[in-house]
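Report on the following structure.
Chain lettering (A, B, C and D) follows the sequence in which the chains are written, and residue indices restart at 1 in each chain.
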Amino acid sequence: MISLKNAGFSYGTRAILKDVNQELAAGSFHFLTGPSGAGKTTLLKMCYLSLMPDSGAIEVLGQDVSRLSREQVTQMRRRIGVVHQDCQFLNHLTIRQNIALPLLVAGKNIEDYMDNLEDLLAWVDMSGRADAYPEEISGGERQRLALARAVIMDPDIIIADEPTGNVDWEMGQRILTLLVELNKMGKTILLATHDLNLIRSIKGRVPASVLRLKDGHLSLAGARL
Amino acid sequence: MISLKNAGFSYGTRAILKDVNQELAAGSFHFLTGPSGAGKTTLLKMCYLSLMPDSGAIEVLGQDVSRLSREQVTQMRRRIGVVHQDCQFLNHLTIRQNIALPLLVAGKNIEDYMDNLEDLLAWVDMSGRADAYPEEISGGERQRLALARAVIMDPDIIIADEPTGNVDWEMGQRILTLLVELNKMGKTILLATHDLNLIRSIKGRVPASVLRLKDGHLSLAGARL
Amino acid sequence: MSFNPLTLLFGDPSSDQVVPPKGNSAWLTGFASGAMAFIAVFALTLSLAVGRLADYWSLDLARTATVQIIAEGDSLSAQSDAALRVLRSTPGIESAEIIDKSEQLALLEPWLGSNLPAESLPIPQMIDVRLGEEGPDVDSLILRLKAEAPDASFDDHSTWRAPVLAASQRLRLMVALSLALTAMITVIIVVLSAHNALASNRGIIRTLRLLGARDSYIARAFVRRITMRATIGAVLGMGLAMLAVVSFPRQPEANGLLSGMSLSGADWVYPFLVPVLVGISAYAASRLAARYHLHTVT
Amino acid sequence: MSFNPLTLLFGDPSSDQVVPPKGNSAWLTGFASGAMAFIAVFALTLSLAVGRLADYWSLDLARTATVQIIAEGDSLSAQSDAALRVLRSTPGIESAEIIDKSEQLALLEPWLGSNLPAESLPIPQMIDVRLGEEGPDVDSLILRLKAEAPDASFDDHSTWRAPVLAASQRLRLMVALSLALTAMITVIIVVLSAHNALASNRGIIRTLRLLGARDSYIARAFVRRITMRATIGAVLGMGLAMLAVVSFPRQPEANGLLSGMSLSGADWVYPFLVPVLVGISAYAASRLAARYHLHTVT
């Protein structure tokens, strides 16, 4: 689904990623961890086509990202659900409208997805807040809202950047369970987190690998947890 | 330092806090925990004079907050250092300038604080990024920057809303150590967090109490950890 | 980023939702384009009025000439008839009429007084000549006049015309310049406020992009909203300006001097071009601004 | 939120840092105030030029009169002298001069031709009378003239004056209205862009507040920045407009008709009032807007 081939990236002269090689197979579940400022968000941004590698290549859904037309980028983004670290919403739309936004911009008929939408709201425990506006909800609620928005389009790949940083342990488990179920349905999951307990708690539920980013290099850290 | 007396608060008709009574003594260290959406941020906002209680009273630094003039509110804010959950910075200023902002707006001579500032930058491991702009730093770096800004004015009270949500365990420990040292210097600390491991890790270093907010009520949860 | 401008009119309402209905810049865009439309319509009306005035001054003078015959008695009337014949048979001359003595005296009144001994004055015979679009061949006309009516002299007012013509051309230039400037400023204000509207919504553009919105979808939503605001503002501004123009005190009898601000006949069409101009520039400006912001937002 | 306006000039530079140097709205504020200053100066110059023109038309006519004496030979010169004496001794009359026959004939040229048998014409004697500010008591003057010079008639041009006066007053009104409108629109545009500048920086206001900034500190920073931008824009706009005015083609010899756009003497002061007006409105508007946003931001 996603394959990084000697991918490198720098902001100006600061090299963040150096020769990263990694293959994320379809239907796999990966955690991405590493110290703050290591470049996790940067790596995820390359996977969701928001940044292009400086060197090497990245293939997403079988296509080299640097060779995509704008239209292809758009089409591909509709197949990737993303929870951004700084969850951005449209403040003039309600929670429900924000969750439905990917459907709207893709020209889907929102009526067809209403059940799905209400289920999702219930899953992230936001049913009671669906008609509030983004500025009226708490930090953890924003993260849950972002997750709901990421999965509404039934994407092939789900990329989540620290989706549990502001929620309590129970809610974190609930979110993880949702992701595990989606993974079981065949979706590829890439989840950046600092929370080692969260990573440990998945043991025995799905086969997940843990990638550790440090000093610009990516290594498999599964054994050490 | 802070005392809540039958404090109640609602957003519209949704009651968030009901008859909260709590006394935070000078020099005490308190964790505030509770499920996402329980009202932690709301409670903190009342402590740093950003919201007023609907009923009951809140005293901060010995004064009833509802009786303060605008000038008194300003003076009081300079004695309270806050790490907001959504860290807001001035994007046209550098990291260093952002950290120095509370000094600037209080009319202090920034030269006098230069050593302090560089020490703080080093403590939160941001020395190398001090001339970057807020939009060029990572989520965890933002939180560390916010903490540095909160303590630069040497405040009497430090209120931190989820200051470790986006940093790794080592950085979280480092931040906690900084707060513990500030507490030992006599500052009152109020820290909202979901991370029970963080709370557990303070045991034996300073006497800290854990407040648990649920269904609008605040209870002491120290014994249960 | 290509899309059918017709969607502006029929549009898919869904894409509108993604633009905040009232932003910081909504009022500014609407009001600025309204105010500029107001000024533009005012300048336009002024320009039309001045144009009419200048036409009156220059054209009227340019298309008249006078023939004056200084003689007495029979010779005078014979030469008058001869001159009239010559003039009427000259191509380029529309009409030639003897000016009535009483009419002539009326014109002389301010200098000679009204109690003139009218009949006793040996004042010359004047012939009022109206020239056609093309005008006659003046040199050959003078030769022929000399032959038929030796005491006749032809005066095409060219010495009088020059300064009036120059003045009216200066006035025209001045007003045309003001009009051009107003139009230019209107367009720039609309461009800047379109740019401002998009700049203050960069966050929304970024979010929509990442959610898989096409550039054309985002552009369409903004372009429609901005064009609407600017056009509605301009229509209101135009309406107010027209109201002001219509209710302006007017004195139709003084039309030689200045009949006030007014629009006549086909002139009523021009003010309506102002909101069209504003609409088109808002459309073009917001498309360009959208293209710019869509390409600089990552 | 009270602070000394003098800090605008001397200011503490530190508080400036907290306002983004160039925001979405910086260009808009500067350009809009510049453009409006340009239009205002243009309108002002036009208004001054039209004012002079109207003065020329109405005042000049109002302050002249003519006495005409129809008589022959000795009677004529005797009556002329008598009339002159009467006129020169009448309070409210500044001067009275016999119009030279050749001058008079020059005026009559277009109607009578240049080859007039000058001396043989029994044209009347004309006296050019200049009236003072107040003007004479016309009725008693006419009676006295009748007594001393029975063939003299007094004409104060009132029939000619009325339509010219009416037209020039209409023109004045029109231009004054345009000027007032321009000033009003300038102020509103400045107010709106000050509001826009503050609205797009609400996040900064909120952050500064929470960090312990006084309202007056925040207001000062924004007010200074916005006032500066608007004033600099207005100065540039005024400069450009003055350049345009100065380089406008002019024909001083045609001053009766329209000497072009120009400023003379004390008129040069007025354009400088435009940036002052803009500066003051920007200052007031941004203070009000700052007060508003500081009170609505929590």
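Convention: a residue touches a chain if its C-beta (ideal position, glycine included) is under 8 Å from a C-beta of that chain, and two chains touch if they have at least 3 such contacts.
None of the values given here were measured: they were computed from a predicted structure.
Asker: Would you mind checking the shortest number of contact hops between chain B and chain C?
Answerer: 2
Asker: Once every inter-chain C-beta contact is counted, which two chains account for the most?
Answerer: So the pair of chains linked by the most contacts is C-D.
Asker: With centres defined as the mean C-alpha position, give me the chain A-chain C separation in Å.
Answerer: Inter-chain centre distance comes to 62 Å.
Asker: Measuring from the mean C-alpha position of chain C to the mean C-alpha position of chain D, what distance in angstrom results?
Answerer: The mean C-alpha positions of chain C and chain D differ by 23 Å.
Asker: Taking the mean of the CA coordinates per chain, how far is chain A from chain D in Å?
Answerer: Here chain A and chain D have centroids separated by 68 Å.
Asker: Once you've mapped the touching chain pairs, tell me: line, ring, star, complete or other?
Answerer: ring
Asker: Output every touching chain pair, sorted by label.
Answerer: All touching pairs, sorted by chain label, are A-B, A-C, B-D, C-D.
Asker: Given the complex with chain A, which residues does chain C contribute to the contact?
Answerer: Of all residues in chain C, those touching chain A are 14, 17-18, 20-21, 203-204, 206-215, 217, 298.
Asker: Provide the residue numbers of chain A that touch chain C in the complex, in ascending order.
Answerer: It is residues 48, 50-51, 70-71, 74-75, 77-78, 82, 84, 88-93, 97, 101-102, 104-107, 149, 153 of chain A that touch chain C.
Asker: Within their complex, state which residues of chain A touch chain B.
Answerer: 11, 33-37, 40-41, 85-86, 125, 129, 136-141, 144, 161-162, 165-172, 194-197
Asker: Which residues, counting only chain C, touch chain D once they are in their complex?
Answerer: Within the complex, chain C touches chain D at residues 24-25, 27-28, 31-32, 35, 38-39, 42, 46, 66, 68, 70, 104, 107-108, 110-117, 120-124, 126, 153, 155, 157, 160, 163-164, 166-167, 170-171, 173-174, 177-178, 181-182, 185, 188-189, 192-193, 195-196, 199-200, 244, 248-251, 253-254, 257-258, 260-261.
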